[in-house]
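The two complexes that follow have chain A in common; it is paired with chain B in the first and with chain C in the second.
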Partner chain A sequence: MNMLTRNNRLQIAKRGFKDLVGAMLRKPWIWAYLAAGITYLATLLVVSIGGGAWALLYAALTFASFAVIVGVGQMFVITLGPGNVDLSIPATMTLAGTLALKFMETDGALVLPGLLIALGVGLACGLFNFSLILLLRIPPIIATLSSSFLFQSLAIWSNRGLRIKPPQILADFTTGGTFGIPNAALVALLVSILAWFVLEKAIVGRWISAAGQNSRAARLGGVPVNAVRFGVYLSCAVLAGFTGFMLANFSGGANLNMGAEYMLMSIAVVVIGGSSIAGGNSNVPGIWAAALFMFLIVSMLNSYGFGAGVRLILTGMIIVSVVALASKRGHKI
Partner chain B sequence: MNRDHVRILLPVMSLVILLGAVFYMQPRAMSYFGLNLLFNLAVPVALATIAQMMILMVNDIDLSIGAFVSFCACVTATFVQSDPVVGYAILLAAILLYAAMGAVIHARGLPAIVVTLGMSFFWAGMAILILPSPGGAAPGWLRVMMTAKTPFLPVAIIAPIIIALTMHYFVKRSALGVLLRGVGGNEQAMERSGWSVMVLKAIAYGIAGLFCVLAGMALVGLTTSADANIALRYTLLSIAGVILGGGEFTGGRVSPIGAVIGALTLTLAASFLSFLHLSPDWQIGAQGAILILVLAVRLVFTRREALV
Partner chain C sequence: MWMCDPAILMRRVLFTVLLLWPKIAFLKNKTILSPFKGDKIETKQDVALSRQGGKMKLKTMLLGMIAGTAFVASGHAMADTSDKRIALSNNYAGNSWRQAMLESWEKVTSEAVSNGTVAAADAFTTSENQATEQAAQIQNMILQGYDAIVVNAASPTAINGAVKEACDAGIIVVSFDGIVTEPCAWRIAVDFRQMGRDQVKYLENRHPDGGNLLEIRGLAGVFVDDEISAGIHEEVARTNFKIVGSVHGDWAQDVAQKAVAGILPSLPDITAVVTQGGDGYGAAQAIHAANRPTPTIIMGNRQDELQWWSEQKAANGYETTSLSIAPGVSTLAFWVAQQILDGSDVAKDLTVPFLRVDQDTLEEILAQTPAGSVANQEYSLDDAKNLIKSTN
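Here is the complex of A and B:
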């Protein structure tokens, strides 16, 4: 998202430095970038300078990209307004990764069908979620929660706790890089550019925001609210399935708790990134900053040599303080 | 029959049907010992569900309950057992911190879902610091209390009844309970009629913290040891329990009796499968399926209610 900031800067530079600072401070995602930048520098203080700086950024970009892809999906859902959260993301990831890898059986020729299976699983999960929400009128949190129980069971049943290895070609792709940039990050960048375009430039994006700000007003204003919600839940699940596929290939196999941390992660990156948890307001650049930030905190605390306990405590305190500092009054679940 | 009665009918019926199915398949479960086995792990779940209910009652949601109950369990299995004064001081401080979290969430207008998410890291870290590897021991009195052979009904049945009735009295009948539900119903109206919403929210969170502590202690009393991940599943189970019991996400519409019944139903759903001789792979799935089923039936109820 560096390109974006640069573009903004070019437009604003003419109006002087003061305007620039003012404009930047008004961006909801600026705090997340600042926080990410500070943690990056703080980590570099202990990591040896030189190869360390780039290696750290490379690792951060790689790990952040998974959080970015699920985060984009979650952001669409959260934008729909209060009470809209997809808690089935980890289960969908696990199920998609497991089934796809099981199908491919490390056969490099089956990469495309494998990918399609992962996306298809995501699609099916999304359809199931949304049918619970629309047909049974179950609140989204509970609907996605209960369906995640089902998906999780399905994943357990289908792989019986075995670790299934990915095809070599996919393992190489997801762990490798192009022009010095990790492939995973390139894919995530593509996804986020697409998401940014949909949100900011396409009518659908306006519809999503409108539905999130006041769904009754949006409906009366001619927005096909249910169709919008349908699309959003579906794309969130498809993105989760896709991430599950990528992550399973990246980490050398699908296992049952591979998605576990992404439930917290997906919500955290959206909110720390500056999207309103109350819905109706979202931004893509912030997700990158928040995802980098979340990874950098962990590596910072690691490089300072803290144990697991202290690391978790500090992570929690930092998340809470960033949210407390960045939030304006009036945000509610 | 007023609306509250209709609301409680469904959770009661789902529990009765599930229990009936279990008894049908395994008549020997219909005994003092059988009931105790079926329900004894439900006691901590019920306590955690009440905690979640307190938070949902004021229109927030707590995603840190699992981590916090684990933390409390770790403290109970270590400090409370070896050094009671320090142990209880830690637990008291934790409850106060919970109350403070509620106050801060309100004062700064923070999204509860994210703050509690962050706090779940905090509690998980504390739990690991206190008990790096599974272990510890249950305080003697706690073990005795949780495994007591009470006459007629086992502890596993008596405890949920006491919890449900006490909380029912508190939430539905006491002045404070009404105020707290008022915060869930209309926060601004409460503020304007002169109540401090911040204090009320702190109270709600404090009570939630207290019940999490009780849940952690009850869990250690049953399992006799703890580890840092012992109760992570409680976050989701507690939300599911409240909703299953007829609670709503907004508007302060909750039912303590329903919540406890919801927790019992979810616990029973897990045992149900072993009676069906289904593979344990489907245990979590069964909880999800029962949740969906009950909510689907509720839709029929609420539609009828809307028509009347």
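Here is the complex of A and C:
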């Protein structure tokens, strides 16, 4: 009797564990988390100082958060289906960061208007992008690439590459932490929870996925496809503007080339995170894993003292294998 | 500030308009065009070429006339450069160093044009940092009939073809900072290897017992990065220092900050940080965020680096040094080109000195440097003459 229940319980527990593992393996983002975890542990092997494990995680969380915020925006755009991608993210970041910091001129009282300017710049950039795409019917890749020339030029024109310091209060906030967690990561967490809610729980999220899977079917099914695209491109640009604002405050000033690495980074975190590059299927948790992974992989290879050539080759190979694994085990298209 | 360099802006706006032209035409004509019809490059070049074609005829006529007068007037001991036109071909404008470089060019050449030393000194920047684009730009300059082209090249070898074409057309080509290997061109090079050696030499004086070094490199795969790093490693091998970590900071504060934050947990105590410029402040921030003692960080003349240094100096007597090339080296290249046009005998390979900031000169140079810019120095005609004399 006693044995029987225990066996039963054991079996149930076993099955539950198996189911759990099975369910986890079916999640497209699990591979990115595994990769990030392994990279983290591998880096720890050479960490020599006490408290280094937490220091590394802290740094990873801090720097991943910028990639997460732009990645979320890019994810929504990529979800819209083949050919949809926003290449103007770096230029939007630069322009928003530059104009906001120029306006604040290190005055702590102007933080809120400064933030609004950054968001407003993002909004304007998004509007411009979308008007090119919808009104002039230019393919998004070309439209966003050409508008990024304009945004970048405006940034150069407005400030000639001069680095203006952020207000002290903002610099302290972005570089500081609350309860031992970096503030930047908390902000990114807030953004991703919001994005997760929109994508998974709100009707808009269904619309975005539907438009990405088959825009004609979605239109016939009563989805306001153009309104959805409008909202997605706008929010992507606003998130980019916001990231530019955060990053400029974090790194002690807006740079003309500060967004440069986020062009590929924003796309990479979406793909490594297990979202379908063909659109129509996305997830938010994967972006976090991918962003952490992208930071940790560089840290790991740096810590092991590999030269630049080896480092780049290994980075490329590891990313390819993670994407290959994720797309094989993940969802079927 | 708002009036600065409309040339780049106009170029880009024009480029964008050209890119979008099929679509704008589509709106006007209400005919259906495929989005890819009217390929952007074709359109751009067609327009540029047809425009130049028109200009060329007039230009050759004018040049012929000018050449005639110059020939008549060449009884003077020196050839006159007042009718010569010099162009700057620049491959990148997206950082504060390049912006200061263009600003210095503008400042010095506009004066030279207004007092009649040369007829024109126009600056052109390619919209993307690509050798193919710069080669096309140089070919345009040949067609436009410039007498000399001053070039900061995207690659030491990839635009050699275009440079050779320019030489064959009788145009003087002077490369600086980003130099070209084509033998017919002049090179105003920076001894980047020496820049690396000097950093370690300074550190050797500061820390005779040696110690651990963190190296911040520039952009992987770029000649300058390899040279500076080679200089550092050469010199380190001779001393008690040991390089315990090396990261690529891409000459940008935010990238350096990120890279340093990533490697710090795996590093023992570091005595000093060797850098390549544009990365020192980022390193300082990352080290500060990790609650580590501040090592001696070599700076690269950026205003935020100097500002940070002077704050540390005031607070705790922090000592370091800072060296980089002054962006005003573009003006040195301009004067060298002018001198060559003037008939001077100039060696093909020249070397520019570094601009160095020391503990004593920090306040003075910081005060002269605009907030957010780079410590700068413009060169005069006499500087160019001295440089030419010293190598002859």
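The rule is short, and it goes like this: the second predicted complex is superposed on the first by the 309 of 333 C-alpha atoms of A that agree within 3 Å, B and C clash if a C-alpha of one lies under 4 Å from a C-alpha of the other, contacts with A are read in each partner's own complex, and residues count from 1 in each chain.
Everything below uses one rule, namely that contacts are C-beta pairs under 8 Å (C-beta built on N, C-alpha and C of every residue); 3 or more make two chains touch, one makes a residue touch a chain.
Just so it is clear, the model here is predicted, and its values are computed rather than measured.
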* To do: Put chain B and chain C onto chain A via the superposition and say whether they clash or fit.
  => clash
* With the two complexes superposed on chain A, say which partner A:Gly120 touches: chain B (first), chain C (second), both, or neither. => neither
* Asked: First (chain B), second (chain C), both or neither: which does A:Gln152 touch?
  -> both
* Asked: Where does A:Glu261 make contact in the superposed view: on chain B (first), on chain C (second), on both, or on neither?
  -> second
* Asked: After lining up the shared chain so the two structures overlap, which partner does A:Ala59 touch, if you call chain B first and chain C second: first, second, both or neither?
  -> second
* Asked: Once the shared chain is lined up, is A:Ile138 touching chain B (first), chain C (second), both, or neither of them?
  -> both
* Asked: Looking at the overlay, does A:Ser299 come into contact with chain B only (first), chain C only (second), both, or neither?
  -> second
* May I ask you to decide whether A:Thr175 touches chain B, chain C, both, or neither, giving the answer as first, second, both or neither? => second
* Which partner does A:Ile319 contact after superposing on A: first (chain B), second (chain C), both, neither? -> first
* Partner chain(s) touched by A:Gly37 [first = chain B, second = chain C, both, neither] -> neither
* Structure fact -> Superposed model, chain C vs chain B, clash-positive stretch out of 186-194, 222-230 or 348-356 is 222-230
* To do: Could you list which residues of chain A make contact with chain B in one structure and with chain C in the other?
  => 132, 136-139, 142, 146-147, 149-150, 152-154, 156-157, 160, 308-309, 311-312
* Of all residues in chain C, which touch chain A in the complex? -> 1-2, 4-6, 8-9, 12-13, 15-16, 19-20, 23-24, 26-27, 35-36, 93-100, 103, 127, 217, 220-221, 245-248, 250, 252-255, 257-259, 261-268, 281-282, 285-286, 289-290, 302-304, 370-373
* **Residues of chain A defined as touching chain B within the complex** => 82-83, 85, 87, 132, 136-139, 141-143, 145-150, 152-154, 156-157, 160, 264, 267-268, 271-272, 277-278, 307-320, 323-324, 327-333
* Structure fact -> Listed in rising order, the residues of chain A that touch chain C in the complex are 43, 46-49, 52-53, 55-56, 59-60, 62-63, 132, 136-139, 142, 146-147, 149-150, 152-154, 156-165, 175, 247, 250-253, 255-258, 260-261, 295-296, 298-299, 302-303, 305, 308-309, 311-312
* Structure fact -> In their shared complex, chain A is touched by residues of chain B numbered 59-61, 63, 104, 108-115, 117-129, 132, 236, 239-240, 243, 249-250, 279, 281-289, 291-292, 295-296, 299
